[in-house]
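Okay, so subunit A shows up in both of these, paired with subunit B first and subunit C after.
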Partner chain A sequence: MSELLEVRGLRIEAPKKDGPAIQIVKGVDFDVKAGEVVALIGESGSGKTTISLGSLAYTKPGLEFSGGSIKLKGDDVLTMEPSEVRNLRGNRVAYLAQSAAATFNPALTINEQVTESAVLHGIMTQDEADARAVELYHALELPDPDRIGFRYPHQVSGGQLQRLMAAMALVGRPDLLVLDEPTTALDVTTQIEVLKAFKKVIREEGSAAIYVTHDLAVVAQVADHIVVLYSGEVQEQGSVDQIINHAKHPYTKRLMAAAHAGPKPGMGDKLTDKHDQDTDNIQVKNMTAGYGEIVDGKPAITVLRDINMSVKNGHVVGVIGESGCGKSTLARVIAGLLPPAQGDIIMDGHTLKGLYKNRSKKDLQKIQFVYQMADTALNPKQLISEIIGRPVEMFQNLSGQKNREKVAEILRLVELPVEFAERYPSELSGGQKQRINLARSLAAMPEIMLCDEVTSALDSIVASNVVKLLKRLRDLTGVSFMFITHDLSTVAAFADEIVVLYAGRIVEQGPVDEVLSPPFHPYTRLLISSVPEMRIGWLEETMKKREMAVGIARGVEITDVGCPFYNRCPIAISGTCERVTAPTYELKPGHFISCHHDAKTILDIERNPQQVLHGFEKAIPDEKIAIIAE
Partner chain B sequence: MTDKTASTEDMSVYDELPDAPPKKKIKLTWVGKLGVSVVLFWVLMVFIGPYIAPFHEADIIAYDSFMPVWSETEGEGFHLLGTDYIERDILSRVLWGARTTIGISFLATMFAYLVGVTLGIGAAVAGGWVDMIFSRVNDAILSLPSIMLGLLIVVALGTSIPILILTASVIYAASVYRIARALGQDIMVMDFVEAARVRGEGMWYIITREVLPNAIMPLATDFGLRLVFVVLFISSLSFLGLGIQPPMADWGSMVRQNLDGLGYGSYAAVWPALAIASFTISINLIVDDISASEGGTLARKMIS
Partner chain C sequence: MQRMVIQRIFIGLVTLWVVSVLVFVGTSVLPGDVAQIVMGQSATPETLAAYRAANGLDQPLYMQYATWLGGMVTGDLGISKAGGASISSLIGGRFGNTMFLAGVVAIISVPLSVILGLIAAMYPATWIDRVLTFGTLSLISVPDFFIATFMVLIFAVNLGWLPAIAHISPEDTMMETIRASAMPLITLIIVVSAQMIRMTRAGILNVMNSPYIEMSILKGVRRNRIIVRHAFLNAIGPIVNVVALNLAYLVSGVVIVETIFAYPGLAKLMIDGVQTRDLPLVQACAMIFCGTYVILIILSDVAAILSNPRLRNPK
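Up next is the complex of A and B:
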């Protein structure tokens, strides 16, 4: 195979007026062969995005190319004239950004946007481009491929939009495709649907690709060749087999260690005396909540239905589910940010008022909400000493020197230097900001912390450090946690109990090891088997399983009656599941499951999926195959 | 994966990324610096202008009206910028006028800000019907053309300096309110404000510690622009004869009074006009330079 892209000694730096330039990329060499997918992996700041953008002869503002060459089929893109660069971008090299939602213009139809670049570059006429787009929609296995192009971006689901962005990039038949973290922001089930489509279309089109990500398990599925980067330098590169199975460089090994091992029972710590207390800290009873005006105990849009759960003192409860299932809403209801329409939240023996404004100061102190994005959760104009000091002052009545001492103590608790008190949030890194975010909640001396996706926006290495910190905090302070995430592996390693939410209902809950071992609720099973494993060929194996194919191909449908998972469930009982609310029964003490099948049937299916599935074939009516947008 | 723990601990070099560099200070380019020096010059003149001026603003001393630049009155002194329509020294009147024009505009803008920001941020934080009433009343004020409204107030209440300041501040408080409220609403939806509310913080703390510090930069930039508008507004009123009353010198009325001189080839009207232009354009230069150094974010925020 010939070299399609040749990167030699590439240097990119950020020039500074006073002093030497900051080196961002320090002499990187790698090749992309025709029809090959090369993955650039590393944590944020490793220069992977900067390098990938270099192949488009583009640098972010404030950076410049300072050496080396990037040759696309022999032409050095770094020395091209502006007119050649225009031709290069979108025509010879196409870029796929992380967020499809931000890429599409909500005011134009999908087709207009998918074909725009090819027509603009004069590669094809509008009719040719339209035909080509439909061909790609077929290849990407989009629902209703002949007409999906006439929809607007908000009329398709996130995963579909991500695939449509691939169509946008591929429409002009580029030589090279640059994919920048295209699945990072997606749910596991959506991620595998997108990965599968990407892999198929890249193979069919025979185009080469640079795949930028920090997720090794994903790389193992799609890449042919891996380049491991750290701090702008290549640490190690080789074929996917070499890197995944025989990594040599210690940094690669460290990345592998931080990468998600699949969720399995027994990954978490055993409950120690220190944090095992058998009393309820917070209890949610028959709670229904949603948005809009509440009429007769029913909100205009119901998000959560009939929630019953509890968090015991000192325990960690993981709440998992796909985006839109109501995880964050649950935490917001408990925190008093959204009053429930029905049901009660009981803490330490008394029912809490619905809205935070009506709660006592003591109640406000006991429950602390930790936001996902530290960037918006911390006031950029306040010093860390005020951000942490204010709750200390309010809830512990400490001021002056005592307040400063307390702030220093809390900073040490979250493993940050005491000097950070005199900094602003913008002077900290992402992981450090997240620690401050946690520290602010800790400063109130809460009984329970509601952590909303606190590790989702962080790199795997930084995220695993934050989880380590959370574990330490739990042991040191005895605080309870409600840990909301879509990342099953983190929950498996950190939580004591799991609550699985689907379309606003709890489908399964219980101790971690029980929930993660058979029998599974069909949805839990889908979630668990969707987590990519760091194993070559995992994607193909998984997609062969019929229940995966069904679960992945369809979207969430929020229903008023019956089991919400009905349309994606491989073992749904036609005529029952879509009409009757699934009964909730206790499998083992504390382990509840909501399903029309009894435990024995589910276990039988687990043991012998093919045979049993056959019997339920009829349960999936064909008209249900059409995919419903989320 | 077998040496998981070992490799994780050994590799401390790969720990979290180094600390972010300290926040950069606003750096002005030469354009901004030019603006700052011109504005500083005029501010200095506000304080010392009357003392260094060769004559009093009301002194009618020259032999002739509309004397040319660099002429001399025997026994009295030179007229660096010539004389005006009733034989007064232009340079002295421009220097005296700085105090009136800039002083009044600054006070009026200050009041406009005090009222506009307090009500605007207050409405954004309070929300609900408070916001509703304030905003609709404000819309009504905004819908009136400012010069017409100004004329009306001045005609009804008479022309005195306090009335002039009051008029300008009422008119400009309305547009300040709009900006302050928009900024406030943007900040109110941030998570850190919600965190403060759930913590049980009162409205005062939220306004002064959470919202205002984040609004202050865009507001400060807008203050500069607003000051320019007020200078022009006062000058227009004076130009129409309803602003500062003679014999007090102010730049706007000086332009009007000396307009006839242009016909005789006198520059008497040009000098106060240049003073207005140099002051207002310099403020604009500073504002532009600051927003450019912030990556244009201020300008964008101010439009919204």
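Up next is the complex of A and C:
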């Protein structure tokens, strides 16, 4: 038998007490050959995670297998005894989940969790498993590999934890790995780092893998074979080249269309004249903010420094940067959730009070916050009509019938049926909940909406629909947006201006097309080149660039003096960049860059990459480069 | 982490001080004149005044408080207003009895409840879980005096196995003491265990919904090991809190059980003190009870801190 895994006619359903069961997976066939990576792709609800868990003979609570077979080296996992199933899981088939942070037990050391399954299944003694784990930590290029296992999960970074989870899966040398969206929740830079480590380790270990994702660009980098799923059925399958370059099925073509083309200038729609008023809606002046007690205008932990930016009426400003750069903190300061230590927030000609409690009702109404997770932001015990009706009553003094009419109007505005008013959030899909989340902010009739990663948890088709909705809302109501995200492609297609934050400082800002075309700030350049392209071999090409290797291997550190990007910057000037705060200069009207290099130098470097390596080698010792670039 | 522990102890001391003020002021504003009660109806105003002067009752309240607090801190609990014996000697034996009762109950009930709670969590919705859930729910709903009276009816009146009155004295042998106090012990074990079993079960089942538990299932770990090794450690915080509150109840809240079995414990002594308007005795007992609460809660907080690796091992 040449196939490692044979899935035939797999059916999984959700039984209902009243009425027929809901079919989740409707007869799926596919194979995984030894040493091959098979990607299951599709949007949420396509059944891709459910199918992948099937290879571990596991279903989420509330689901059950109702037909077909899943044969691992000829043994049908669906008919196994409980003891055989335990021996299958973690030993023959290993699972990697989307969020390593939630998957590691906070109360146990990393090493105990990594080695647990191999020792329990009797494959190795504890000592052998420990040695194997350290070997994997080396292979996964984790820092301090000999001792990282003694730490607790909260003591390592998200990207490291994601790779440690790979070690946990690989320690018992399983025949098959199941990777469930393992990079979706990560920053672009971290995603590359993790993808590279996964790919290397899968190749070295020679194990086969099922890779579940909705991101086609990622699939193009890691998969050998692709299975396209929609609503629990296979639409199309074939080699990665067939699907990526010669898709046949209309659904696959649609997926490709929704997939991100890399961020480029000229992707966005131009503003409609009606709302292009070029007057400032909100202005942030010389603002410094952070957490802890403020003494002499300095917080205990400074996060944001010298922030100067503005959002014009009817404009969309995209705020980008990796996690830990202060994007959400900036929105919290503007919303009044965190008073600034220095500087002013100016709106419609007057300075706003630092803390929301001291702001007038009118000011509160003008600024509305939209949270990332609709699941946690919406009260599960309230009807949609209450969730949206509250701000309508509070800010527009409408109650009774008038309130209900307004709620209906707002629901129509976010393109949801009016009947949804009588439902609870749990009865809606992820995308619908996000629309309610937006509708609640909209109900206050704000002038500006602060959207914190509102599309990050959604898959590409749902996310692009939410962005379309935001555009429509802007055209209809003239509301401004501050759109915080780590997804550059969405910003490129949606924003009018971009603010690039790094370690609490604005390193570059300006009109979207200016920021996305050279000269780039070195950090903007790193972000843009980290966005995966839907092209086979992109990952390898990118990692060959040594300046990418170093930018990716290091994380965000907030520094008090100098340019915080110094230790990741390929063109850093030793002796200057780490000591002196970078000057800010205006390249074109409204386009600012903060860098010790002038625009001409940056452009020269852009054209002549040799120079990049030259400066870069000065900044980083050679042996370190060798390790990173390997 | 050391700082957090020291902070907890400091907060505990402040709480104790606030409690001392409340206890002192509270007992002082109670109606009734100690001198009048002690000297009786026939006392003349002169003898009353003399009594007050001798006992410092004529001084301003804050002076009385300072003297009293000073005594408390140095271990001098004062002289009983009724009978004139030193309060330390009155409390001494009773304190030992209460500690014996609380200690034995704790030693039996804490491991018992945690184990039963674990078992209920390991086999949810099976007959074991149903029996435990039904039993604990029923026992929580039934007041302790009912359980106590019921026990007397069965074991003392009908079966005649155990004495209805828990009469213990220092000369008794260990076996005699245990036999004499068997019924209050069993009653208390039932009362405190029910709540601890339920909290252990709920705490663990709550953790069982976490993604890291699903991960351990997918690693092929047995359910029993998942509960003991993965879930229990994360549920310790809430469990320890309930245990601490129940232990504190054993010291102070057992008045009814002590009264029914005529068990010579501290809570009963305090009730007697209230009846005789023996304020120094009431104050001393109140301080001991509050001290027990504060100490147990500090201990449970420290245990919760120690069981949390985030607090134990900062980044």
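We take it that the second predicted complex is superposed on the first by the 615 of 630 C-alpha atoms of A that agree within 3 Å, B and C clash if a C-alpha of one lies under 4 Å from a C-alpha of the other, contacts with A are read in each partner's own complex, and residues count from 1 in each chain.
Criterion: a contact is a pair of C-beta atoms (placed from the backbone, for glycine too) under 8 Å apart; a residue touches a chain by one contact, two chains touch by 3 or more.
Remember, predicted model here, so these are calculated numbers, not experimental data.
Colleague: For A:Gly19 in the superposed arrangement: first (subunit B), second (subunit C), both or neither?
Modeller: Neither partner.
Colleague: Determine, under the contact definition given at the top, whether A:Leu88 touches first (subunit B), second (subunit C), both, or neither.
Modeller: Only subunit C; A:Leu88 stays clear of subunit B.
Colleague: By the touch definition at the top of the document, which applies to A:His154: first (subunit B), second (subunit C), both, or neither?
Modeller: second
Colleague: Just subunit B (first), just subunit C (second), both, or neither: which does A:Pro589 touch?
Modeller: The answer is neither, since A:Pro589 touches no partner chain.
Colleague: Quick check on the superposed pair: does A:Thr103 touch subunit B, subunit C, both, or neither? Answer first, second, both or neither.
Modeller: Only subunit C; A:Thr103 stays clear of subunit B.
Colleague: For A:Gly336, is the partner it touches subunit B (first), subunit C (second), both, or none of the two (neither)?
Modeller: Touch status of A:Gly336: first partner only.
Colleague: Touch check for A:Gly122: first (subunit B), second (subunit C), both, or neither?
Modeller: After superposing on A, A:Gly122 lies clear of both subunit B and subunit C.
Colleague: Is subunit A touched at more residues by subunit B or by subunit C?
Modeller: Touching more of subunit A: B.
Colleague: In the overlaid three-chain picture, which partner chain does A:Ile461 touch, first (subunit B) or second (subunit C), both, or neither?
Modeller: Only subunit B is touched by A:Ile461; subunit C is not.
Colleague: Under the stated contact criterion, what part of subunit B meets subunit A in this complex?
Modeller: Result: residues 1, 3-4, 7-8, 10-11, 14, 16-23, 190-192, 194-201, 209-210, 213-214, 216 of subunit B touch subunit A.
Colleague: Name, in rising order, each residue of subunit C that touches subunit A in their complex.
Modeller: 210-212, 214-222, 225, 229-230, 233-234, 307-310, 313, 315
Colleague: If you look only at subunit A, which of its residues touch subunit B in the complex?
Modeller: Residues in contact with subunit B: 43-45, 230, 250-251, 253-254, 256-258, 261, 335-337, 356, 361, 364, 369, 371, 373, 376-382, 386, 390-391, 394, 424, 426-429, 431-432, 440, 444, 461-462, 465.
Colleague: Where on subunit A is subunit C touching in the complex?
Modeller: Of all residues in subunit A, those touching subunit C are 53, 56, 58, 85-91, 94-95, 97, 99, 102-108, 116-117, 120-121, 151-152, 154-155, 168.
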